[in-house]
Amino acid sequence: MSNDTTRIKWIDPVGHNDFSGDIEDLLNNVKRTDTQIEVEALDRGPHHVEYHYYESLVLPDVLHCVKEAENEGFDATVIGCFYDLGLEEAREVSDSMPVMGPAQATTHIASTMGDTFSVIVGRRKWVPQMRSTISRYGLADRLSSFRPVDLGVLDFQADPEQTRERLTSAARSAIEEDHAEVIILGCTAEYGFHETLQEELGVPVLDAVVAPFKFAELQADLAELGWTHSKVGGYESPRVSEIHKWGIPSDFSTRDVWNESPRE
Amino acid sequence: MSNDTTRIKWIDPVGHNDFSGDIEDLLNNVKRTDTQIEVEALDRGPHHVEYHYYESLVLPDVLHCVKEAENEGFDATVIGCFYDLGLEEAREVSDSMPVMGPAQATTHIASTMGDTFSVIVGRRKWVPQMRSTISRYGLADRLSSFRPVDLGVLDFQADPEQTRERLTSAARSAIEEDHAEVIILGCTAEYGFHETLQEELGVPVLDAVVAPFKFAELQADLAELGWTHSKVGGYESPRVSEIHKWGIPSDFSTRDVWNESPRE
Amino acid sequence: MSNDTTRIKWIDPVGHNDFSGDIEDLLNNVKRTDTQIEVEALDRGPHHVEYHYYESLVLPDVLHCVKEAENEGFDATVIGCFYDLGLEEAREVSDSMPVMGPAQATTHIASTMGDTFSVIVGRRKWVPQMRSTISRYGLADRLSSFRPVDLGVLDFQADPEQTRERLTSAARSAIEEDHAEVIILGCTAEYGFHETLQEELGVPVLDAVVAPFKFAELQADLAELGWTHSKVGGYESPRVSEIHKWGIPSDFSTRDVWNESPRE
Amino acid sequence: MSNDTTRIKWIDPVGHNDFSGDIEDLLNNVKRTDTQIEVEALDRGPHHVEYHYYESLVLPDVLHCVKEAENEGFDATVIGCFYDLGLEEAREVSDSMPVMGPAQATTHIASTMGDTFSVIVGRRKWVPQMRSTISRYGLADRLSSFRPVDLGVLDFQADPEQTRERLTSAARSAIEEDHAEVIILGCTAEYGFHETLQEELGVPVLDAVVAPFKFAELQADLAELGWTHSKVGGYESPRVSEIHKWGIPSDFSTRDVWNESPRE
Amino acid sequence: MSNDTTRIKWIDPVGHNDFSGDIEDLLNNVKRTDTQIEVEALDRGPHHVEYHYYESLVLPDVLHCVKEAENEGFDATVIGCFYDLGLEEAREVSDSMPVMGPAQATTHIASTMGDTFSVIVGRRKWVPQMRSTISRYGLADRLSSFRPVDLGVLDFQADPEQTRERLTSAARSAIEEDHAEVIILGCTAEYGFHETLQEELGVPVLDAVVAPFKFAELQADLAELGWTHSKVGGYESPRVSEIHKWGIPSDFSTRDVWNESPRE
Amino acid sequence: MSNDTTRIKWIDPVGHNDFSGDIEDLLNNVKRTDTQIEVEALDRGPHHVEYHYYESLVLPDVLHCVKEAENEGFDATVIGCFYDLGLEEAREVSDSMPVMGPAQATTHIASTMGDTFSVIVGRRKWVPQMRSTISRYGLADRLSSFRPVDLGVLDFQADPEQTRERLTSAARSAIEEDHAEVIILGCTAEYGFHETLQEELGVPVLDAVVAPFKFAELQADLAELGWTHSKVGGYESPRVSEIHKWGIPSDFSTRDVWNESPRE
């Protein structure tokens, strides 16, 4: 393995950077020595993406952000939303730079740590999409339950003590009633709580910021071996010539990402 | 049931209207007497949406188009892409106007017509997303196979004779080797072939334009009984006040759809 | 589409016609202008079909009734029992006239309306067969729960106020505890309640009489395009010559349905 | 265990007894010393039950035959059709006498003998119902394939040499191409071939007559311990008083089975 | 079928024989007249196998015990632990003598007796492995629940009255809340309770000692027809020459089982 | 994250160290700068573990080896067999040191790289256990196929050119016929081939030695955050006092691992 620095970009897929500093600090605490982190929020868009509509609005900007990261030589990118918003799409857009999302990282790690896991979410509204995603990952049988705590994305950091209590109570019910062996915090805005929770509950509690970032460090290593998403099949990339022919760069805000890398 | 006209919008989610006339003619041939049809393509965007990236680009425009249809009093809308692009999202954005997509309509109809069905697609690239969608609909066990014919979306109408031959050959293999009892043409651009195919093959061959349109007529009827997508759970709509607070209408091309219907 | 009248037969698979008038009125309220309805009960047999034994007794009569409907030129037939009693068998017996059942219609419609649905049934006894049927339709993952209300088929209309209370209470539990997004009334005798329920509960409540009938109207339209159940595979019909050779018309009560349509 | 004789009835659910003698001989060769066998065919009905329609016609007679067997003190009954025709219904009708069918017996035994099995069937027409049954038994993942040999039920014994060749060839393909570890002969009329096949193929080849009979012997033993089908839930029996109230015994050919055993 | 005695070995896979006498008595009460039983415990090892580690320790001894039974001419062997410890491995080691385990026998029998079953276990710790085993058997959809009673293996016979109360209470909850139609006692040490339970509860209650033994009697019969585990695929046996070449008999305690039966 | 060295043990679960040097070299090429590697084979046992019997023989030694690694302060351990032999058991025995296996690592990584993967195995005999393991991991739907190359474990390195040809040919068939997007080499003895294969085939080819090792590096990092296997539920450890009480250390070859860490 090369000793070069590993550069990882964290994309916060919302139109504000209120959480960006916290996330950067958090990641700097857990990164490997030779990893460099850049956290980036969008310059427009909704302040949370609880709704499919909001996801749809930010999705093109997120994808251009991912492609820009690849153009700039980042080694891996994380899209910071537990819906794993844009994860499949990003792997199509990225030629070879790995991309990760919180749901895929936490559930795949959890399934190496216990028979079952529960996901502590903010609102019931989130469950259908997350359930569908986890099913697609093949882990529906390992999922003990979703436990909503009736908090929106923007509420989690508003009153940390209340948040901690609700998360602890929901997680305890998941362990005792639903027989979860591992707890996943199902929103990147639920950061800052996993340590106290796991102390109190006695089971691993996976944080949705730290886990995908650490998985992305692994992906960056693996990519040096040529192990990144396959370009045969579902992640086949569109042709840049076609993108230009249809005037995409002029009709959409593409951050000029298609000027470089004339893949054909 | 009221005797009023049923108005159905067909959205062609691409940045050209080359197929719009054909589709309108086709639908006019199969509509109920009291149905009115409007076919609309987008004014920007890729000319096909075979790639996730292209889907992502058109998705916001499609959703605003759906919301506009609801604002204008349409009784149902079809999003004309076999990926069922934006279907879940549109049901969230629409308060009560039903929305349909070709994959959901054809597979749900097919499952009332036979034990198994095969989907004749253009390219292997399409399979993973479609497979995932059909699995999410619960019909993976009914799916005999995908059969790609190595044609892109824009090729299907270019040389109809060649297309017919390839579709026939692939469908015949699906029936004989994969034991499909029903054939689904897995792209809206595969229109115009189902009649000759089903004559030749002796099994029903579902067209991806006609089937979702006819299902949408049913949905329009059902909506009069209050039977449209649930607003409790996954399709809960975002609040218009929030959309305005974050400046969505000014930062994105929203067709002014959020000015009306101040849902709170 | 032709402007001809669509004729739909509703078969009430029991040996009494106490509900037939109500059902006919109900259907006449929701039918399309050009649809004609005929409701028919059997002239012998049990008064409800909660038991497999009762289903078995009525099954041959139901199938002959279906075949008779096809011989008489009906455009579609509904077999009015939520067990979807005889649905597969009827599609084998019918050459090309579509057939529908309440469970298939309601669950397929529900799955276009929400992530999950619950079925409010009369008695626990019914659950295994219905669960098996819904699994066969591929929708086990969408099924939140069955909720029995401890009423037999013949009890539902006996004390409507009590029925309404039980259905409402069970449906509310399904929504709040089992996270159902759509409610299905799992018996044709639960008619007359869906409107008040959905007003009170705020989610769509599908009626087991109206839903399959409306789906049958769609099927009748589709059949004009040649889209009816496949005759290759599971629904292949028996040969009439064989039926005669074995003396079926003389040994069984076949309503003379095999005299016409000498299919070979 | 008591040393009394175990009496087992084999019901051949067709309107002729051409195979009854062969089956009786076959069973007498493999029975335990203290087992007595009675083989009974129906006195009316189709000569094979490849079609759902034929199954429906014989079903009431089969159920009355089962109930009669219970009334007469038989210890277990086998319904001799690989569709497992009437198996669920018979367990409802029988108070406590166990009932078995060829598909359930062979697949449950096969799943103790290898990772996967293939079923050699007569015609493609049979596959959907059998596939559905095996899925309901939970064994879809163990099923390598169905292999049709293009023979109807009445053809298997017509030219034994040809039958043997076709079965051998299909089974060999199942083992080599589909990786089956066990072979199931998927029709009771495929009797008489399993020994030569398993000699030639080197894997166990389960016969659809012998296997359910031997399983029924076990069930008869278990029933002495009170281990027979549960009467709580799906197999709850109908009330005899209701059967009489509705005139079932006079309107249907019930063999007087409801005169005895006044279960309430 | 031959009239020879059927010899069945029961292996108690623990390093003490405290339960062996009880088990032998129990089996002698339910055996067929011509069956002979031998119960054998191990001469070293843990006193229960609740932990994977303990299972691993006893596994080689169990396998050699199975092979010894085959060498000595036993007709079938049961490995007496509800984890079905060593069952797959034993079928590989045994050339043709059938082997059974309590989980496979009880769940396969239960699935012929009702739609669903619940397993009453000692401790939550046991659930993941058992759940995985039952899933592998294909019966996850039939499993209503596991109900732990907070008793270890060695506690069940310590205070029979307390055990009976806990089992009854857990089983009653399984029937009423989880809708189980059949109860399985999920540990061989839960012997001696099924009769009172099933009297009190009104549903069949399967005992984990009796059920696999009776199934083994069936297997012994079937083996005379050549119907035992397949040697093509997963149960292919290792070559004895290789075992000797690597010095297995001298480096491990193999009970000299590889001296006989020089299979090549 | 601490800057301390990460120490990872690779256990080669066979009674010879012929491959140990190669594996050590391979791992040293891909390790992070601060990782130290120790490769250890067993001092007795079969030379490959293709058979369950062989797995059973080495299992106790492997578990004691894992526990010893934890006692000696290793940060993670890999058990080097694609059967994931002992993986569940090792997580029970290990208090908090993470353990990984090749099948879990490769399939979990592959599922982040493409829609589907195929596993290139040595012999058909291996498939059932591996299929069962991958199903348990939830990834059966992602598995395109197993492709055996008819080579035993000890053959892979015997004639590298022949091995390369067979692997390439099988992988190409998997990509073209089974639509695999990612290839997994399903045996640790298939090392040394992935680079040429992936160059030739144009899709990622995961090596069963490198992948679990790299995953173990991630696990070692995560363990510093308290994220290792849960001790609530299936991985609950046995009590050391009980182990001593039953004389395990004297009756089995336990490497004195239970003298330290008196966990209670």
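Chains here go by letter, A, B, C, D, E and F, matching the order in which they are written, and residues are numbered from 1 within each.
Everything below uses one rule, namely that a contact is a pair of C-beta atoms (placed from the backbone, for glycine too) under 8 Å apart; a residue touches a chain by one contact, two chains touch by 3 or more.
Note that this is a predicted model, so its numbers are computed, not measured.
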Touching both chain B and chain F (chains): A, D
Rotation, 0 to 180 degrees and nearest 5, that superposes chain D on copy chain E via CA atoms: 180
Over-half contact-pair match to D-F, picked out of the listed pairs B-F, D-E or B-C: B-F
Copies chain C and chain E touch via same or different residues, half shared test: different
Chain C and chain D: spacing of chain centres that average the CA atoms, whole Å: 29
Separation of mean Cα positions, chain F and chain C [Å, integer]: 53
Whole-Å separation of chain centres (CA-atom averages), chain A against chain E: 45
Sequence positions of chain B contacting 2 or more other chains: 115-116, 124, 127-128, 132, 135, 140-141, 179, 181, 233-234
Every chain pair meeting the contact rule: A-B, A-C, A-E, A-F, B-C, B-D, B-F, C-D, C-E, D-E, D-F, E-F
Of chain F, residues touching chain A in the complex: 1, 3, 29-34, 98, 100, 104, 108-109, 111-116, 137-142, 175, 179, 181-182, 195, 198, 202-204, 206, 210-211, 214-215, 217-219, 221-222, 225-235
Contact set on chain C toward chain E in their complex: 124, 127-128, 131-132, 135, 140
Complex contact set, residues of chain D against chain F: 115-116, 141, 179, 181
Of chain C, residues touching chain D in the complex: 15, 44-47, 50-57, 59-60, 63, 86, 88-89, 92-93, 124-125, 127-129, 132, 135-136, 233-234, 236-238, 242-243, 246-248, 251-252
